[in-house]
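Chains here go by letter, A, B, C and D, matching the order in which they are written, and residues are numbered from 1 within each.
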């Protein structure tokens, strides 16, 4: 269904992206960096042998939620109230059943590479026109598959108030902080950042119109380190709004140009409380064929 | 909101269930068996360092789906077609956004302990009336948290046609087959069974009105082995319809009486192809507060 | 499925309701007052022969919406963008397709008699327990059928700012205003009131936490006049919050005790501009079997 | 948002359509034929003063439904079961609340002019690209407004079995049957046809893969008569599949070329039982801004 022919856009300049690094047909991007070594590195990081969920609670009508999206809804198709009202258990069996309607980017979620584009081109040059009402014919979330690798945790907020509204972390500061934290990224690792925004939001001290996060030049640093996935306790991983009128430029540089996955709206409070810096990370997007994202409940095995 | 007071039902007879084993307030059941040892045992089972998804593709209108449920729907709120139709990229940014509506038990999913009851009582004696239109106030899926443990794989179908329609495996046969396969379950393990039903369904050779699977007395065997979670490539893990008119009796014996979790509609074809028998299993239910189940894409790290 | 047996509640005192007026099995209430005479009276009220919609625009995420409900969503399953992106028209045919998800009380809507109850009893004594996850087994919106009758329009706001927040109109004032407006209600008529709240809401001058509207004692007056349906340009027809801690008492007195239908969130601006006082009203609820309300676009033929 | 510029398609040949008849900006098409005269003609057709709904019951998972669409779902957000399970009435008030998810063309519905196109052009030459994930910027259902006019009823099935599967009525036969029935269409009238398909479907004697209905050349006849809206007790008003490989050609000729509205999946059984041939028809589409159709419960006042 994709519109064929030349696109007005084009590949990122040499050294500023990763197109065709894994071949012209690749739809997985930087997840290709995760091989058995990364999996074993992740397992080797496990200390306590305990599992921590990084997923936000999903409750009808509750956020945080970007203004452009609609809140999730949880519907009960059968429940205990039905039986209390007189429905008999049948054959010794009573049950409840439910459904959810959820914006795939409206709670803790993993962006598909098909989520964003510039100049009509997505990751690896696939045309934006391959994403239609039928979903993404290219770079849909079903290409991601499970993400199992070592996770590195960088707590930029600590016990303090967290970053300022819209504050952007530069690549230099990011590199410095990573080093200061004793983290040594290797190709295929995932990097999770706590900006403090989620706690601020819960405290009523921050809204959804702006978030602190990574600045544009961090995309290059992530790519240089071989980071396969970057996540944060905010809406977009990157800081927004962007000071120069660009819209989500780091999304473009990370996802579109470099195939790096973004994992958003993480709850990193428990990791912060535990003070862990590395762990086995498992992110298992729902297998939504053509999905441009998936709600997830990422797991840190610490 | 739960109706208080005595219930006409009651705890399973001694030796036939696990109520109050983890205290009168427990809402996690047999997942309590999963501790650091089980996590490490799972990691020790990893050989290739590769990750396999066990989740079915999720596609609008596609099954397999029990007749009582409605098919999933994938909606695009923004897509590349909008831009092809003239919407300008704004600030160098084009994007797609989507939503899903899905029955929580209508694709690969984990049942919450709140999913079933008998005589008005769920796991550990909690009243069915605690499950209302607001969701499950008790034993909701948010209590499960991530499941990270060793998984054992039992391929009952192999290269053959699989079990017969509605065929029920007895506990004796299950035990025998487990032993023959060289599997040695330990407390906290997960057991995944391939009945062949999914392949039959894909081939048009089986419908959703019956499934082969575990027989009623398997629940006791699972409990005795300390299995925390049992999964299968069919609709209900257990065989149905039940020959004696009982409805899903093994659900009651496993979930309600013993707190054992059921993981259903797994795609185990790749595990079968690889011939693995144990692995690290990660199941990460969405954090749906009050959910009586969650769609999942379980991960086997093999 | 309804719980049988005696209820702790009971019929309204003599003269304060209409239970069993149309028989013990009646599920239509005051709509029984609408016979051929009312239809002809409505048609006789038509002057210009023009049709005016009283339904609010339905737009994804837009209100007004009571805080307890979720916003409507409009999903495109196929659109022109898909074709712009390369989908060929097939056999000379291109098309668009869409779906809506809408709270039945979340835009202009008609309440079913099953919408409210007190002491466990709905209209005519039917038990609240007949309304379950399967919908309303009694008094669902499918019992209403089309409402075709004379409509009377009472503009309480005129060119002024409208009623004050939460202001309740007493029965005496209602009667007086009706007379002053030259209206002469007859059994089976519908009465539509413009409080000015909708305009205030659009101007940002009013929220959804309170509305001016009818006071509790108006229910009796409506019943005495034989009004079959009362509507307004606000959330609940009645004023709220109620000063005495009662919740929606006029809903109970009108719907539950008297079988009078309420039609809410009307857009009455055009009727006001035209200065009409009577017209043919047609309200055609969707035939949702077991629905406790229906979104509608009522029509005034003026 | 619509892509501007010339289109490869074009206006229908002279005499074979109605483009620009009501001006180049018109988005209402043949509904412009309905003026005060048509409204009065409709009212004059009322005999009994009774109202009949023509809308199908809407029930979770029930059809009839074209294979490309998903079934409707009715969700209860609050119900009597919740109270039976222990939720107290608050302030003397208990209530139920619900939502529906429905394909706008998946039950009795009115097509918007934005529903179909050929050669990239909709009614009056508007580009198909004006219909995106945001809905129809042109010719959406909100342009229709209420339809109030005289309805003519043609019962092609009578007491017999109805038309044969896929049988197409020619314009000549249609004209003849109309005359034989004593109907005299005037501009602005609506014509409703009973093919017998709905009864066949209910009896299990017909599926959704084909329907009897109007043949392609009927569109011209309808236009010549000034019919504003044509409806039927089938999926598409027109017969399908088309014998020559064209897809829904009469949709194109009626809606796209002539601005005639189609009203589909009507329940005309009661009209047939009553033997009425003309009546006041009211169709009140929900005011879905940008909708390409709307579920409706049309009313025949007979």
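In the analysis below, a contact is a pair of C-beta atoms (placed from the backbone, for glycine too) under 8 Å apart; a residue touches a chain by one contact, two chains touch by 3 or more.
This structure is a prediction, so every number in the text was calculated from the model and none was measured.
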- Query: If you take the chains that touch subunit C and keep only those that also touch subunit D, what is left?
  - Reply: A, B
- Would the interface of subunit B with subunit D count as same or different, where same needs over half of all numbers used to appear in both copies? same
- Cα centroid separation, subunit A vs subunit B, in Å, comes to 25
- If you average the CA atoms of subunit A and of subunit D, how many Å lie between those two points? 44
- In subunit C, what residues contact two or more other chains? 3, 70, 73, 76-77, 79-86, 99, 101, 129-134
- Query: For the complex, which residues does subunit B have touching subunit C?
  - Reply: 73, 75-77, 79-86, 99, 101, 133
- Query: In the complex of these two chains, what residues of subunit C are touching subunit D?
  - Reply: 3, 35-37, 39-40, 43, 46, 48-53, 55-59, 68-70, 74, 76-77, 79-81, 83-84, 89-106, 108, 114-120, 127-136, 142, 145-148, 242, 245-249, 251-252, 280, 282, 284-293, 295-299, 301
- Which of the residues in subunit C come into contact with subunit A in the complex? 1-4, 60-61, 70-71, 73, 76-79, 81-82, 84-87, 101, 129-134
